[in-house]
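A quick write-up on the structure given underneath.
Letters are used for the chains, namely A, B, C and D, taken in the order the chains are written, and counting of residues starts over at 1 for each.
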Amino acid sequence: MKELQELARKLLTDGTVGVVIGWEEGPRGIRPYFCTRPEDADKLVFTPRCVHNLATYLSPRRSNVRELGKVAVVVKGCDNKAVAGLVRETQLKREDVVVIGVRCGGVVLDPYGPAELTANTVADRCPGCDVREPHNTDHLVGELPPPPPGEQRTAKLMSELEKSSPDQRWDFWIEQLSKCVRCNACREVCPMCFCERCLADKTQPQWIDSSPHPRGNLAWHLTRAMHQAGRCAGCGECERACPMDIPLMLLNRKVAQVVADSWGYKSSEDPAVAAPIGTFNKDDPQEFIK
Amino acid sequence: MKLGYYPGCSMHGTAREFDESLQAIAKPLGLELTELDDWSCCGATSAHATNRLLGVALPARNLALAEQQGFKDVFAPCAACYSRLATARHEMQEDAKLDAKVKEILKRPFSNSVGVMNIVEVLRGLIPQIKEQAVQPLSELKVACYYGCLLLRPAEITGFDDAEDPSSMEDVTRATGATPVEWRMRTECCGGSFSLSRTGSVVRLGRAVINDARAAGANAIVVACPMCHSNLDFRQQAMGQREGATEMPILYLPQLVGLALGLSPQTLGLKRHFVSTQPVLELVAAGAAKGEVK
Amino acid sequence: MSDNGNKQHDNSFEPRITAFVCTWCTYTGADLAGTSRLQMESNVRIIRLPCTGRIDPLFIIKAFERGADGVIVSGCHPADCHYTAGNYHARRRFTVFRELMDFIGIDARRLTFSWVSASEGTKWKEIVDETTDRVRALGPFTAYHNLAGGAEEAMAGGVQ
Amino acid sequence: MPRIGVFICHCGENIARTVDVKRVAEALAEHPGVAYSTDYKYMCSDPGQTLVKQAIVEHKLDGVVVAACSPRMHEKTFRRAASSAGLNPYLCEMANIREHCSWIHEDREEATQKAIELTRMMVEKVKYNAPMQAIRIPVEKRALVIGGGIAGIQAALDLADGGAEVVLVEKEPSIGGHMSQLSETFPTLDCSQCILTPRMVEVYQHPRIKLLTFSEVENVEGYIGNFTVQIRRKARSVDEDLCNGCGDCIASCPVKKIPSEFECGLGKRTAIYVPFPQAVPNTPTLDRENCTLFKSRAKTGKDACMRCQKACQRGAINYNQQDRIEEFKVGAIVVATGFQLYKITKEQPRPGISGYGEYGYGTVPDVIDGLQFERLASASGPTAGKILRPSDGKEPKKIVFLQCIGSRDCAKGIEYCSKICCMYTAKHAMLYRHKVHGGQAYVFYMDIRANGKGYDEFVRRAIEEDGAKYLRGRVSKLYRDGEVIKVHGFDTLSSEPVVIDADMVVLATAMRAQPNIEALAQKLSVSYDKHAFLNEAHPKLRPVETNTAGVFLAGAVQAPRDIPDSVAMASAAAAKVLDLFSADELEREPTIAKVDATICTGCFHCERVCPYGAVEHKEIRDRKGNLIKVIADVNPGVCQGCGTCVATCPSKSVELQGFTDSQVFAEINALMG
């Protein structure tokens, strides 16, 4: 913690950056914090409740963030994949941001919930994490805590769902997606949703019905999952942000699994690794094509 | 290498020495042969000449047995058996109607998943082992490799070598240390099953084969088919090898390999031939005297 | 909601099938089927695009929304793309999309992906007939068509 | 409210037999937005087109749908008609109710219903069509000709004579190609060298032709009218400007026993050499693989020999010369890279193709191929034009020619006819008879294909006047038997086996695509068939064009071709290029992608998927010049209009003109019926 605060103070003092984006203790729990003054650096924390993917503030949609000056951002390994994604997709120049990686032993599901990390409270992306120590960062702070407890719940749910009949899957999803109120929280929180005008807001023609009914909801969530193919960093913020508790990561995980199985692609912290959509091999698998 | 062994009628009859020599070389070369349980006729000659369905169903039964008994490949040393088994496999793959019909006749599960191999193909795959195990240099021996017809044709069914210009028997021969001669009758007909019905033709054809081998400087002809052997060995007397022409020993390919491995003529059945194999044995001995014995 | 439309229906049902095809290979192949007078099922409506690379998953979603019971996507064989690589990109895109549709519970049998070259009129006929038969057996895609919609519900009402 | 005109064609009986065209026209008349709907016997006929034009004017139409045949057939026709009536041509679309409806359905009710729906779909699309203008691109009036055989020479000369600048690239040290190796040519028996060498010299001397021999195309970028090509000038170790072609270096070279490629191995050459005396340019090339100096360099690091350098009085020999890349801007490219001959031996360079072990080529010295026979028959060849056996130099009294070696043989992997072999075999039989009096030629053939001007007469002459014995059938095998080669064949006309004791056998081998031509084709974005012959844009109507605009084909690169065909193709390609160069600007279909600058976020997914590299980065700045964002921008000259970018763009900020999202959306919506 001290190491992080010292680093932030130094970066702010010597003018390397205008803002350090990190986390602080809020009245209800942990919340994102934009630290612009060296004297406030002591407020920065990193605990298992630091769930938020702060890379989302690097998106060009947050032009107000950039007005604060050069940005330093604190990232966990998972968040760092989103930073790499933004660089890969030319939304961010790597040299325009100072990336402070924190060694991570997993985070909880809810930044406002219990702080203790157990098999019940652990966020779903954490068990089996392969980036507990972020790569390609400018700074790396903290000791490496023990690996996160528990196991991935989504994976289990996914395989159960896969085993069920198409009709059962359909019923499951229509029930889930019917809940969607189209608040767009999933989109707003996602670091990779950086379009100036989302397709869902396009009206000429209107591919995706905008009002919250099952047909439009299905089109929206299918399209979002497609757009995340090979891009999703797997941070799970969409699912956390969803006020209706729709298991959105099920879709993203499914897509990530297809991408991995078909072309051996895994989301990476290295911007130089080419995304699977936009590249191809002449002998890509094609059993489904007659 | 583990193979399902399909002896067919000849290996236990007229071609005993083929079987004996094969069994003799199997162990040193690491070849594990398990005879198919309950095998039956391959359908050669009579069946496929009179009834196409029977000609496929008979070999298919044996393939089905092999599949049931868990073999990946069936090894049929007799060229005619090989031809029938491979043809059945091929025709059932190509012709869905035939496939269905034969399966109905078989009355046993069969997915046509078993490969069919011949003697040359098997030994070609064992060339490194032959070279390694060879103790007797056959360097004095010049042999004419005789393929005959069934091993190579039709090309789309056999496919293991160039049907017009094969080289696999020569490759095996070289591995034994003997020298394959260049000659022209390698893939010509020996007269096949007309041995009894039109002996005259068989004698004429066989004579041409033997004369050409001799002209090319061969000390022996190596064959991979009981029929070829029978026609060239047994009918040599009738061919009337005259005016100074010596007899031409006819060896089975595994006999040649066995000689290189240092196995005794007795074990290899070399005494069972009509034409004496003594000249061959003398050349082998001469080679042994010349070169160092390993 | 529980009827996914994946069940056998009576024979009077004629499916509506939308085909998104590239103009260089499959459209031309379909032309060839015509020139060769190959008789085929009349359930398919072709939408011509320059390349499979132009075909957006949204087209398929929209087609189902608008009453299609089945969809065909077809273009040039690998290595034959008029634009050299559009079909390779499409192949990746639809690899994901097809799995996603399946995961959502949309019967993958309602979707046909194929490569049909300009010379494969016969193959096009087979794709059309085979898809029509398959979708006819699956019955109307009522599960999708009946999904509650907004203002367009009245419009969509025309289709089962 | 749109005012769309709908025109239903009967196509004589072709559509009207199965589709109730009247009902279609009536149904469409009721469709919202349709101002006029009618049917007519032949819409594409003159009166039919007039009908469309009149309707556009009379009914003030702002869109036209012609329901007739495939748009691939007549879209251009009707767009031209619309244009002449003052309507933007891109507001006209076709509904395909013939190939996709009347011809493939029998049930009149079903077909009529489908025709109505197909036409409605197009009406809905046209409502969203926008007027478009053809794209204009400037043209660089210089052509690149790849390959300096007869086709390349002809194309280069025609182009240069027509006023265009030409860059002619040849990978070998000399131009001339296969034709320079031939003795005489069919069907006139005129000497190949005599007609070719003057053309080669003309190329060399032409002020508008830049000749680059011993050079290969390294890279091609750009598009019609505006290609940038990089040419690798391979190091020939001889300074072309200093060398005066005296030949002293060649005389001094101690390595004299290298099999000559030009003589097909029947003659020898030195390490520094010109391939043949009439070579153009007459500049020697040092074969580094066989040169003593370079061998010594590779082994010991020291230079040895150096005799050629000492012999050269001009100081033109440069052992340290490196490959260098030269860049040219060209407006068009003619590919005339020719062919290679099929290898007869069992080992084949290309999978899927197999050889003929049974014909003894490579093991029996007196079995040769057709090109080797050309060298024997050539006055400047290794035997000074005498037909002599390679084995013992004797004159063959009996010679057997085998046609279709490789060609038309599915089992060998080549099912096509190589086209020239029937003719050159007849020529060989004739030349043989003219040179070996009393000799007997036999020809084994499958069919005689002599379908050119004077060709059949030529073959007849070989048979009737020069006594060649033609045997219809194949040869099963041949082998050496003492002095002679026993040729076992079968005469299918008499149904008898034939055995010929030949002194020499000539195999007429197939024409194959050049090795590695695929790599060049990919650089040019030209497709090729499974045999790697490059594809023409249309087999009948666009035989010398390719699907890549601005790239043309001449000669055997496209398919087996003889000299007259190759020359005709070369002239045709040259005419196409000159046509292209006749205007200062080009017009192109405007089916290209356009980026909406206000929405684009610059993620450049479009750039990643674009097969043409048409997406560029564009900086958007405010009035003060501050950078706001970097977005994608499509170069209209490079974009070919596949639309892969559109489907990939997550925010739909790129559109494909002519196939916009709105248009496709309208078509899908129309599915509702």
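Definition applied: contacts are C-beta pairs under 8 Å (C-beta built on N, C-alpha and C of every residue); 3 or more make two chains touch, one makes a residue touch a chain.
Values in this document were obtained by computation on a predicted structure and should not be read as measured data.
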Chain pair, A-D or C-D, that carries the greater number of C-beta contacts: C-D
Distance-to-centre winner among chains (Cα means, whole assembly as reference): D
Chain B-chain D separation of Cα centroids, rounded to whole Å: 50
Euclidean distance of C-alpha centroids - chain A vs chain C, Å: 34
Shared interface positions of chain B, touching two or more other chains: none
Sequence positions of chain A contacting 2 or more other chains: 207, 277-278
Overlap residues in chain D, where contacts from two or more other chains coincide: 609, 648, 661, 665
Pairs of chains in contact (touch as defined earlier), listed by label: A-C, A-D, B-D, C-D
Contacting residues of chain C [partner chain A, same complex]: 1-4, 6, 57-58, 61-62, 65, 78-79, 85, 88-89, 91-108, 112-115, 127, 143, 147-152
Residue ranges of chain D in contact with chain B within the complex: 346, 354, 356-358, 411, 476-477, 479, 486
Footprint of chain C on chain D - complex, ascending: 70-72, 96, 98-101, 103-107, 110-111, 113-114, 117-118, 121, 525, 527, 547, 591, 609, 611-612, 640-644, 646-648, 656, 659, 661, 664-665, 667-669, 671-673
Chain A - residues contacting chain D, complex: 60, 89-91, 194-199, 202, 204-205, 207, 227, 274-275, 277-279
Chain A - residues contacting chain C, complex: 161-162, 166-175, 207-209, 211, 213-216, 218-219, 222-223, 225-226, 229, 251, 254-255, 258-259, 262-263, 276-278, 280-282, 284-286, 288-290
